[in-house]
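Note that the chains take the letters A, B and C in the order they are written out, and that residue 1 is the start of every chain.
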Amino acid sequence: MWSVLGAVSRAWKLPGLRQFYTGYVELIRNTPFIVQLFFVFFGLPSLGIKLNEWQAATLAMVINLGAYSTEIIRSGIEAVPKGQIEAALALAMSRSQIFFHVVLRQALMKVWPALSSQIVIVMLGSSVCSQISAEELTFGANFIQSRTFRALEVYLLAALIYFLLALVLRQVLSAFGRFVLQRRSA
Amino acid sequence: MNHFTIWDMVRNLLLAARWTVLLSLIAFGCGGVVGVGLLLMRTSKSRVLRNFTKAYIEVFQGTPLLMQLFLLFFGGALIGFDLSPWGAAAVALTLFTSAYITEIWRGSVEAVSRGQWEASSSLAMSYFQQMRYVILPQAWRIAIAPTVGFSVQVVKATAVTSIIGFVELTKAGSIISNATFSPFTVYGFVAVIYFCLCFPLSLAARKLERRMNAARTN
Amino acid sequence: MPLVQISGMHKRFGPLHVLKGVDLSVKQGEVVAIIGRSGSGKSTLLRTINGLETFDEGALDIDGERMTVGHTNLRTLRLKVGMVFQQFNLYPHLTAGQNVMLSPVVVKKTSKKEAEAIARAMMAKVGLADRFDYYPEQLSGGQQQRVAIARSLAMSPKILLCDEITSALDPELVNEVLAVVRKLAEDGMTLIMVTHEMRFAREVGDLLVFMDQGKVHEQGDPKTLFNSPSTPELASFVRTIS
C-alpha cells in the first residue's frame, strides 16, 4: 500500500508528496541495506525511538522494499496505455474506479515478475539482519557455528535453506500472480 | 571520553571509503573478466559447461551475499586456505559480480538481431569471427547502460563485507559510532557518503539508457 | 554437370514436414525463380542451399562437392554460395564500404588494400560508388539492399541466393534493386531467387520453380508456365497474384 501511494505520487506528480517520495526512493536505492538497518536500529534511539531487533529489522526491510516497489509499480502504471483510460472514461467510470480496476490492476499484472524478484532479493537480504542479533537464519547459523566449529557444513546448509526458500517463494509468488491477478473477472 | 568533532568523524569515514571504492573496482574489474569467461561457457557447444554456468548463476543469485562471504571466509579456513577478510571480500564479491554481469551481457548478446548472425555466417565467418567483428561490437553498446547500473549494486554490496571484519566504510561507521556514542550522526554520514558514490552512477546509467532507447527508435 | 543438384531432400521442423522430397537441378549461369504460397517451403529450400538450415534426408551437390546429412562443410559451402536477405542485415556499426570489406579481410585473409579495391569495385557495380563511407542508417532501403548485394559479391560466390529481397522495400525502391539483379544475370551469375516479383521472374528468369506443400510441383520456362500452367494449383496461384 505504502509503495502504491508512492508510485502514484511520482507518476501523477502530486506536489509535496512527490518530492518526498523521490528523495526517499533515491536515498534508499543508493545506500546499502545494512547501513539502512544500522541507522534504524542504532541511530533511531538517539531520537527517542527504541525498537527491538525484530521491529527494527522489519521496519528497515519495509522501508527498503517500499522504495524499490514504488519505482516498479510506477513503471507499471506508466506502461498502461492511455487508450485504456480514455475508453474507461467513455464508459462513464469514475476516476477512482478507473484507477483501481483498470490502471492498477494492469500495472500490477505487468510488473508482477519484477516485483516478485525484488521481494526475493529483500528476503535474501534479511540475512544481514543477523548483525543486529535478530533471530533469523544467519544468526542461527552463526550460533551453531560458534558452538560446533563446523563452519563449512553449517553455512552450506544455511545457504541451501536460503536457496530453497527463494525457490519456493518464487513459485508461490508466481502462482499468486497467475491465479489472483490474471483471473478473468466477469 | 574523547570529544570527537564532526570533522574527525567524517575524515575517518572518508579514509575508510577509499577501501570501499577500491574493493568495488576490484570486484567490478575481476568480476567482469570472470563474467566474460562465464559468458563464453554459457554459450558454448558443451552441455557440461553450459549447465555448470547456469548452476553457478543460480547459486550466486539465489543465496544471500552474506552467506557466500561466510562460506568463503570461515569455511575456507577449514578446508585449508586461509583468507584474510580483505581476500575473502575480494573473492566473494568478484564471484558475486561475475554471476550478475554474465547474465546482463548474455542478455545484450541475445538482443542483437538474429539477422546479423545469419548474414555473417552466410559470408562464411566462423563463430569467433562473428562474435569479434559483428556481434560483440553491437552487444557492447547495448550492455553499457545496465552494466553501469549494476555497478551501483556492487558498491552497496561492499557494505556487507564489514561483517567479516574488512575495514571499509560501513565497518568504520560501526567502529566510530561505538567510540562516539552518536550512531545517528555517524550512520547518517555513512549513508550520505554511499549516496555520493552511488547516485552519480545511477544517474549515468539512467542517462545511458535513455540515449540507448532514443537511438533504437531511429 | 549442373552447378546445383538437390536430390530427394526432406526437412522437418519437429512434427512439421516442410520439405517432402525435393529434386532440383540448376545449371551454371541459370536464373531460377522459386515461387509459391507461404508455407510451401520455398524459403526453407533456399536456406538449405547455403547451410542456414540443415536437412534430414537427401543430398546437395554444389559445384561438384557433395553435402549430405551430417557431412556438410559449411565453410567451403558458404564461400561458393552467397545470400541476400529480405531484411538486408547490414552491420549497423560499420560503414557500407566496411560492410563489404569485412568478410574478405577476415575470412579470406585478403589484405586491407586489396579488399578495399574489391569493395569499391562492387559498390560501383551496384551503383553506389559515392556512398562508400556512409553508414547503413544513412541509406534508403533500396540502397541498403544494394550494399548487401555488393557485400555478397565481394566474396566471389558462384551462386547468389536471394530470399525475397524486394519484399521489405517501398514500391518505388524495388526497381533499383531489380535493375542490379538483372545486370548480374546478364553478366552470367547463377541466381536462385525466392520472389513475388512475377514480372521480373517472367522477363529475366530461365527456370521457374513452383513449390507447393513442400515439393516442386511444377517447373519450366517462365513464359510457358505463366501462360499455360499444367496443374490446377499453379493455375490458381497465377490467378491470385495477377
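Here is the rule we use: a contact is a pair of C-beta atoms (placed from the backbone, for glycine too) under 8 Å apart; a residue touches a chain by one contact, two chains touch by 3 or more.
Since the model is a prediction, treat every value here as computed from it, not as a measurement.
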Make each chain a node and each touching pair an edge, then name the shape: line, ring, star, complete, other. line
Just the chain pair, please, that has the highest number of C-beta contacts. A-B
Counting only Cα atoms for the centres, state how far subunit A is from subunit B in Å. 22
Distance between chain centroids, defined by C-alpha means - subunit A, subunit C (Å): 54
Centroid spacing, where centroids are CA-atom means, of subunit B and subunit C in whole angstrom: 46
Contact residues on subunit C for subunit B in the complex? 50-52, 74-75, 78-79, 81-83, 85, 87, 89-93, 102-103, 106-107, 137, 148, 151-152, 155
Seen from subunit B, its contact residues with subunit C in the complex are 113, 115-116, 118-126, 129, 133-134, 137-138, 141, 218
For the complex, give me every residue of subunit A touching subunit B. 26-27, 29-36, 38-39, 42-47, 124-128, 130-131, 138, 141-142, 145, 150-152, 155-156, 158-159, 162-163, 166-167
Show me the residue ranges of subunit B that touch subunit A in the complex, using the header's touch definition. 59, 62-68, 70-71, 74-75, 77-79, 152, 155-160, 162-163, 170, 173-174, 177, 182-185, 187-188, 190-191, 194-195, 198-199, 202
